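Here chain A shows up in two complexes: once beside chain B, once beside chain C.
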Partner chain A sequence: MKKIKLNNQKKVGIIIIIFMIAFVLLGFLNPHPFDLMNKDLKLAGPSFSHLFGCDEFGRDILKRTQTGMGISVAISVFSVLIGTFFGTVIGALCGYFGGIVDEVLSSIIDVLFAVPSLLLALVFVSLFGSGYLQVTLALGIAIVPSFAKMMRSEFKKQRELEYVKMAKLLKIPTARILFVHILPNVTETFLNCVFIAFNNCILAEAGLSFLGIGVQPPLASIGTLLSDGGGYIRKAPFMVFFPALTLILLLFGIGLLSSGESFHHAYSKRFKD
Partner chain B sequence: MKKIKTLVLFCLLTLTTVLCACTDDKAKASESITIGIAQDIDDSLDPHKMVAAGTKEIFFNVFEGLVKPDSDGNIVPAVAESVEVSEDKLSYTFKLRKGIKFHDGKAVTIEDLEYSINKFAGRDGSGNAAVSSAFSNISEVNILSDDSIEIKLASPDPAFLSYLASVEAAIIPKGNATPDTVAIGTGPYKYVSRSPLQNVVFERFDSYWGEGGNVKNVTFKICTNADTIAMELEGGTIDMCIHLTKGQKMQLDPQKFNVYEGTMNLVQALYLNHEFEPFNDVNVRKAMNYAVDVNEIMDYVSDGSGSKVGTSIYPNFGKYFDKDLTEVYNPNLDTAKELMAKSAYPNGFDMTITVPSNYDQHVDTALVLKSQLSQIGINAEIKEVDWETWLNDVYFGRKYDATVIGVDAANLSANALLSRFTSDASDNFTNYSNAAYDEAFKNAVSSADDETATKYYKECAEILNSDAANVYIQDLPDFVALNKKYEGYTFYPLYVLDLTKIKAVQ
Partner chain C sequence: MSEKVCEVKNLTYYYPKSDKGVKDVSLYVNKGSIVGLLGESGCGKSTLAKCISAQLTPEYGEIICKKIGYIFQDNYASLNPAKKVGWLLKETIKYANPEKFFEYEKRIKNILEDVELDETVLEHYPSELSGGQRQRIGIAMALLSNPDILIADEPVSALDVTVQKQVIKLIKKLNERKNLAILFISHDIKVVREICNYIYILKDGELVEEGESETLFTNPSSEYTKNLLDSSYLE
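For the complex of A and B:
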């Protein structure tokens, strides 16, 4: 097995992401509970015992950022998993079979696509209540349409290629053709979609929490930290600065990983060898 | 080179304009003021149909009833010059003020009074219900002469005048065919225009009967984004803002702004649903009251401002308010734990606090409550919901365990705050049911004189406290920022903004 070759952008991206994972995991060593209030530390600035300062309840912002980042990432990862799974299956079926299957599924997707994904998530949350489970599901469902669209066009292209026609002639089961033969050949689009969806999820979760329907207090997510801090931006800018900085770093890392010279080359090289 | 010249010229021009503007700042201040309000005024302009508290709050300056409240909570004559109450408290005779005019310049006639009273009492044959249930008590409206009118009640009501002293009992002209869109009243300011989501404009009414306003033009700017309000104040696009939060207040420059501190005139409490299992146990409710440290809540939520309530009456209610009740449940964890041990839930229980997410103060309060209640083994989950959901599920649906909210009063009668806790009240969202309370309340409403009524209302308030009906917290502080170019903001014991008190600093 040959090593996957990575360009510099991706290397930096991976370093940043490892750094962020370490940051979240180090939260377990942080002695301050994320919901412990302290009257004397209200809006206290950064200090040695509280590196990121304290919020309006005197809670440690570092710990809250670590917890919040963990929750935001967890929500996003699971949402992307849900969205990717259904999006890929639907897209694959539409693109590969075409005809009536494509017509029906595509129309449904088009209808969903017409509704902004944040609104879709809002409707879902208002139907099933708020909480991070609901938010995860809602965001996952919101990802499906765009994912299905991308996958559909990719599978449609691949369907016409020689290797698929050969596989068909060899009477290889359709499921195998779809997910073992075709899928690896659309990895480039697939991975880019995953990374973009992940970015969007973090931001959408922040938006939902900002609207007060995401994770419930006193639990924090990056979104709630930003919205709480926004009210104190003049008096205590550190309240919004540090959570925002970590969010920017994470998104930057993911962006680097998904951009630049694509995985395609690395993979196709592997296939050639 | 030419470009630079133009640029320099342009900058100079702008500078001159700005400098010119500075010189007549003071003159401008007496001419106009811009006030930021949080919500659009999309209500009906008919005072008898206004629903939102925020609408009534500013239209207090446009509409007046026969009587109106003053800033001390007294009821003073307005459209009526004087009032006489009969011995049996069943007949009120109002004398029309001489020379009083509507905003369109027409004199107020006795027919306008009759029309308005019949309209807001639901007696004009239009099928509309009375704006307040207290007005269905009106049995007759008789014109006695050109300048006096009599209102007869079916049964005596000591609080009747305080009901009349609100925007919803305003006097409006009979000749106005479209009161929904054309606002004509008798107040110190007249309504000029409204641009949806932009502003509402008032202008001083120069033929006002009393001491009118000082500032000529008043513009209410709609600032729906809470995060930008402090910036707008600092930037000077608004001169004044009512109902600031603690966070917004903190951001203001004390050199440029006077921040007035009053109270919001509401009772903030952890309201308990008495249908929810643990809360029908008085020991549990008392334990919760002992476990909750109101001072600590005030420290976190509003930097120590606010006033304790202890029962469903807030301090501005003067004679009904009993300060001793705020000291009954001084925080004491030992007592709280003893009471929990005596209850059916010695090991505590789980509960959910439903709280509307648009009210930061209530969400913050819920957070502190959660940590305080955990000390006696009560595990409170916080569930944030949007305002519509809160209204439907909690207020109307009564499907909740506990909620943090502020309950306000429509007028200055204790009835407005206490009636909701009678067993069969339609707005009894806490499902509170106590025979002793119902009895005391019935006595209060049916008492002929104010003194007896007050005694019984106080008894009601005491029952709510001793029975630990809810975990009473505070009357929230209300902050108003006013640019130092102006002065004179005055708080009322009701939810109103009196523009006449505001004037430019000389």
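For the complex of A and C:
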């Protein structure tokens, strides 16, 4: 079994993320439905039965935060999967083959790269309508250019190395060279891109939902919770405070996980110790 | 007359937008012989080897070679750093010799015996091995495709003197035991003299002299070879 040595930043990051996962999963044990309205509990403050208080419709904010966080994370995970898959494939093809393949694909990527990702997502949502599926696809597409650029430069470097030439001499199929031989050698950049993309997706999803073009009511996401709470920030600050706190904690955890010594470095350090 | 396992006729290759390359080179390698390709750094030795092994496509000329095995100069870069040695050898058998893949364990055991390594290396990453061990793994990988000719591109230049001797001894042994033809590329005159039966001298991409090893070293005909030999005796 491979042992990976992690620095303290990464350890704290992992603890925070485990805590956030537990927070979301505990939502299944929370007896309050996320969309159950109760006029008697309108803007009720935090109490033992409603730890995060209640919103303007008397809905439990803890349950809505847990649900919203789950939805935001799910959207981001699937967006990152889409972006990572297409970005890696395009970047790998451009970097490995070079020439006309690189020129054509890089031109398309450059055009997409010139459009800010949030604007790209907005265009997509305005074309295909709002909702979590559309947001997931839009964010996934928005990630592709940056991912493809990073992977292109990594694969371009790797293709010149002799182990790749050796694989070519053995007539190993190109797809296998790309994804079985080269990809494990670019894990460092790959993982950093994944973490950065995930953070960006969480923020972009919150932004889109805050603007009302992401997840639609009665479903909750961190963005909709912040948007709903924004109108009651003086009367009921807890409506913004708790969702914002969970968002900050999640971003902080992922940030720590991707910061400092890379996984690859931590892994290779094993040999020196 | 010995059987030719590799013949190169009038091979010419220039790097794009450069006057560097090889010009009108012809050579051959017989079965069981060790042929040296000697010249200064940058004279086109590796370019020629890359053309022969189809890593580069020559502009002119003809290459008629049987199955080629290739040993790279940089034993660190030629082994995938993310994979264990066992995986690398298994992968080599899978693609270089797929019909024998069912007995890969036996093949790996035998090849490790051939290159004088024990089975513990299989569980290690290349970065955990010494330079000599890595070069032996490189030789093992080249041998796993059952080549008729082995192109050794400066196989010992990155090794220290003691390990150099061990690897040269191993290459000689493999040549004798398997009757394997070897095209040995080096800029090191002493190494080439020790190992090769026949030598080609390359200068600025062109062959300037060729001959039996001892004849060439005792009675060189070209001025360039004389200078090359003199410079080595000065060391």
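Convention: the second predicted complex is superposed on the first by the 266 of 273 C-alpha atoms of A that agree within 3 Å, B and C clash if a C-alpha of one lies under 4 Å from a C-alpha of the other, contacts with A are read in each partner's own complex, and residues count from 1 in each chain.
As a convention for this text, a contact is a pair of C-beta atoms (placed from the backbone, for glycine too) under 8 Å apart; a residue touches a chain by one contact, two chains touch by 3 or more.
None of the values given here were measured: they were computed from a predicted structure.
Touch criterion not met for A:Leu127: it reaches neither chain B nor chain C. In the superposition on chain A, contact is made by A:Tyr232 with chain B only, not with chain C. In the superposition on chain A, A:Ile100 contacts neither chain B nor chain C. Contacts of A:Lys39 after superposition on the shared chain: chain B is touched, whereas chain C is not. Once the two complexes are overlaid on the shared chain, A:Lys165 sits against chain C while remaining clear of chain B.
Here chain A touches chain B in the complex through residues 35, 37, 39, 42, 56-57, 126, 129-130, 211-213, 216-218, 230-235, going by the rule given at the top.
Across the interface of their complex, chain A is touched by residues 226-227, 230, 245, 247-248, 250-251, 296, 299-300, 357-358, 360, 363-364, 366-368, 370-371, 381-386, 389 of chain B. Remark: chain C residues 53-55, 68, 70, 72-74, 77-83, 91-92, 95-96, 125, 127-128, 141, 145 touch chain A in the complex. By the touch criterion given at the top, residues 161-163, 165-172, 181, 184-185, 187, 268, 271 of chain A touch chain C in their complex.
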